[in-house]
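Here the chain labels run A, B, C and D in written order, and each chain numbers its own residues starting at 1.
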């Protein structure tokens, strides 16, 4: 069998673009980490080192910064769609472009109880993400859009159990009807439309996920994930599927009995490793798959 | 000159204690990373490997967990003072104990606009810290107490300049009268009392620091640090000194001129390295120094 | 369209198993980070919280540690194949098991020029990886095996150029015929056999990759990746494909002209972000694909 | 008591200078992370925002890069001494300069068994460090020089015990006469001369430390640290003191008894946190202290 070039792409990863809107005294800030990757007729660069069809990664960087002013940066999904379309539409040899964005949220500081016009602290909670793959031109154009977040660290101190599991010769775990359940949640959802109010949708999905985590009496992290996903899909008909990756951040009950001290689910060791890791997809039956949507470039999104 | 054993200490670092209060349906959570280090008559362990005066680091760990229940964990300064006193008072060979604490804040989630009783997300902003050094017994007892925070990421998009600086043959920097100023601030303050309302004091100091950062028109990060420190010392007479370490997280104006795009302080590159790093102490004149207060054990606090 | 459970798996991630062989005075050490994930008839855990078909992640952990003694740990590919087969063969509801391994290499210290029997320093260079997916039973059994490494930081100070590239209105980059080329390479290769001398094959592939990087005059990182992959596939007929992910760790020539100092490719700034990121697959034509082989669970492998 | 400005300094941290020597076909590489901090007559910058005595941190950066060519970069101690002296000698308001350096070692790759002229892999073991504080002018000039390393990860699989320790009511630990001992060692030594062969001295000290760790039958990590330090001071009379910080990276024997599997110090869990942390200084009696030598600026060195 011949040896050939297979799947390939290239681009510039992790451009740290900060965009300030200052048209009035009340400034606005958007703070992103954006990466672009191109697929296309690039075989000659690999096979013989011919760069004549290669738009440099430095050029992709310049474009990412300039677009934050030229086109604006108000929703990361819109920004990513415009940047992706630019590469496909203006660079002859590009067949598809993937744009991945992390967004870091800032919160206005209070001065005497009033929000300040131009000072913020970094919010520090979940990182919002978007990944857009723009492919083809004209009638063949497709836009695969992923929204989501990562690193939402959430914990409930009761309302979670784990019992009735399968046992084999390596099973030492004791069942529990009351435990701490905590995770650092990654959630990614796929849109079937680009005619979306991106900001309110993001907040709405996050609200559903958090409220379900809080209020569902959990028999397992698996069940919690499924119910969160189902609730999101019921609420937003333009979401085709949602994927979760949830490390079970173990909080082990600390044994204080040797010291004569009661520990009624009050003192825990927050362990680092190993951790349970649960993955789940909740999806509409018969929705056409979109594998390119999920083909992460940087591993960050 | 003879070769001798000099300064030494040992302990258990980074115990991840999570304490849930669940006496009512409305739970409370405290989440800390606590380290302990002991000084004392330990030369024989170093010189000849004799452990008979060495309380194992594992024992220190057990005590840290148990004290979060036995004594409670409501203010990290109080918890650290009690844990430190325990080692000095109960272990014959211990002359002083240092307890370092990082605290991770959690925020109740909202369900239909109401705070939930037992679910939180990690707040994710600054990490609160405390470092306590308890030395000696009886009338000779001293308690050196540091409070503070690290990693408060704060940014202002105007109201900061940098001009009129010294120039030499390696100076290329252009002065600017309007720039983004951002830092990831570390602030540590030394108490001269242990009769303090720790929680309200922490919030009060943080409020002063943030408000000063926001409202002072800054001629340099140095000036901002000094004014923040001065305002804290003016407000709290039981604070003897405050130390800042402030990386100048450079946001470089991105050059869009080659593309015919105006950039009126609107698009920046948030650079990683190198960074300016400014240190300042603001202190009461003639206050006796307390070098042991600042002698960090883990480097975390 | 109905809302249904899609793809899912669960397991225990990042078990830090250290295995010492001490049958003679000359000990051996293997140091791994192993994760397991199971797919199977687990829908009830997600849909209704029924755990009766769920082997706990804690049990998976116990098995990972015990197998390092029961079966031994000499090659990570063999260990992963045995651990994966165990879950599929002994747990009724498991249809496939994925085992991901990172291995940290240790190097014997020298004492008076002689290798010590039981003391090592961590080698600290690339992390070797393996990922095995064992699916089905009996005649339907398939074993997808990936070997590889990550974080091989390699640099050449000449013998690399980048010229003749495509330009558009955002292109500022100047061509260069002599630059530093550096990357932190990830390489993963897929085996079509399990009858492999894993240790010598690993060393042989790494040798080819390093030697190609060193000796090929590079017209682009793309070309270097392709030539490395081609050389590996030419040498090992049981390798079906190899995938590279290569961040272009930019070393920018530092401008010393303002100081009257020549810089003939002698002084560079090693920049952090952004970075070029090049992906390439080199593959045998007509080899059947094995998507499950590449379906990373932890993101570490 | 009046509120005043106390100790302060400022500079540029983490300049990533890479220096290639290419005078012959066999290139050489030095790869450092260098930081500079200045003390002096800078009160006006803090008190009133007057920058007229402030040499910008950007200027310090330019100088650090340029000096790697102008003065060369062969030993980090020499480079740091020259850079520090430059700031003190040429900038009127500077009273002292501290230069901190991390050095990342590279190893030539082999091609057909021969070292390549211009290709290296990053060595990845300990990071060498230096910290120099240059103070005053003319006859008052002092040079405090620290050399050392951090993150030397070293492990012995036998020849270590821990018994006979003090017990109290929180003591659960069992004594052991055979355990794994591992640490990620930080060692810093203070020179009393600048007339030193820096490269051979570094290698010699590292050799002594490693050989002592390997060959000493250890009754405690404390004892191992002391013996390492004593051996270094006996070998180098221009070393005044050496300081160690040694996390006890616990390798806990894994309990395989429930599975009927023997574990004769063969299978361990490499735990992350908490960890024992041992600090020791070995010093020549009556050597004058040099507190400025140890006053870390970046926390990296």
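Assume contacts are C-beta pairs under 8 Å (C-beta built on N, C-alpha and C of every residue); 3 or more make two chains touch, one makes a residue touch a chain.
Here's who's who by UniProt: A, B, C, D = Uricase.
Computed from a prediction, not measured in an experiment: that's the story for all the values here.
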For this session: Going through B-C, C-D or B-D one by one, find the pair whose contacts repeat those of A-B for over half of the pairs by residue number.
Result: C-D
Exercise. Based on the averaged CA atom positions, which chain is farthest from chain A?
Worked result: D
Exercise. Just how far, in Å, is the C-alpha centre of chain C from the one of chain A?
Worked result: 23
Seminar exercise, completed: Taking each chain's centre as the mean of its CA atoms, chain C sits from chain D at a distance in Å of 31
For this session: Quick one: report the Å distance separating chain A from chain D, using the average Cα coordinate of each chain.
Result: 38
Exercise. Which residues belonging to chain C are in contact with no fewer than two other chains?
Worked result: 15-16, 62, 66, 170, 172, 258-259, 272-273
Exercise. In graph terms, with chains as vertices and touches as edges, which category applies: line, ring, star, complete, or other?
Worked result: complete
Seminar exercise, completed: Listed in rising order, chain D residues that touch chain B in their complex are 1-16, 35, 37, 42, 45-59, 61-63, 66, 90-91, 93, 162-168, 170-173, 218-220, 222-223, 225-226, 229-230, 233-234, 241, 247-248, 273-287, 297-299
Problem set entry | Footprint of chain A on chain B - complex, ascending | 15-22, 27, 29, 31, 62, 65-66, 68-70, 106, 109-112, 116, 118-126, 152-159, 180, 210-211, 213-215, 251, 254, 256, 258-259, 261-272
For this session: Spell out the part of chain C that touches chain B in their complex, as residue ranges.
Result: 169-170, 172, 258-259, 272-273
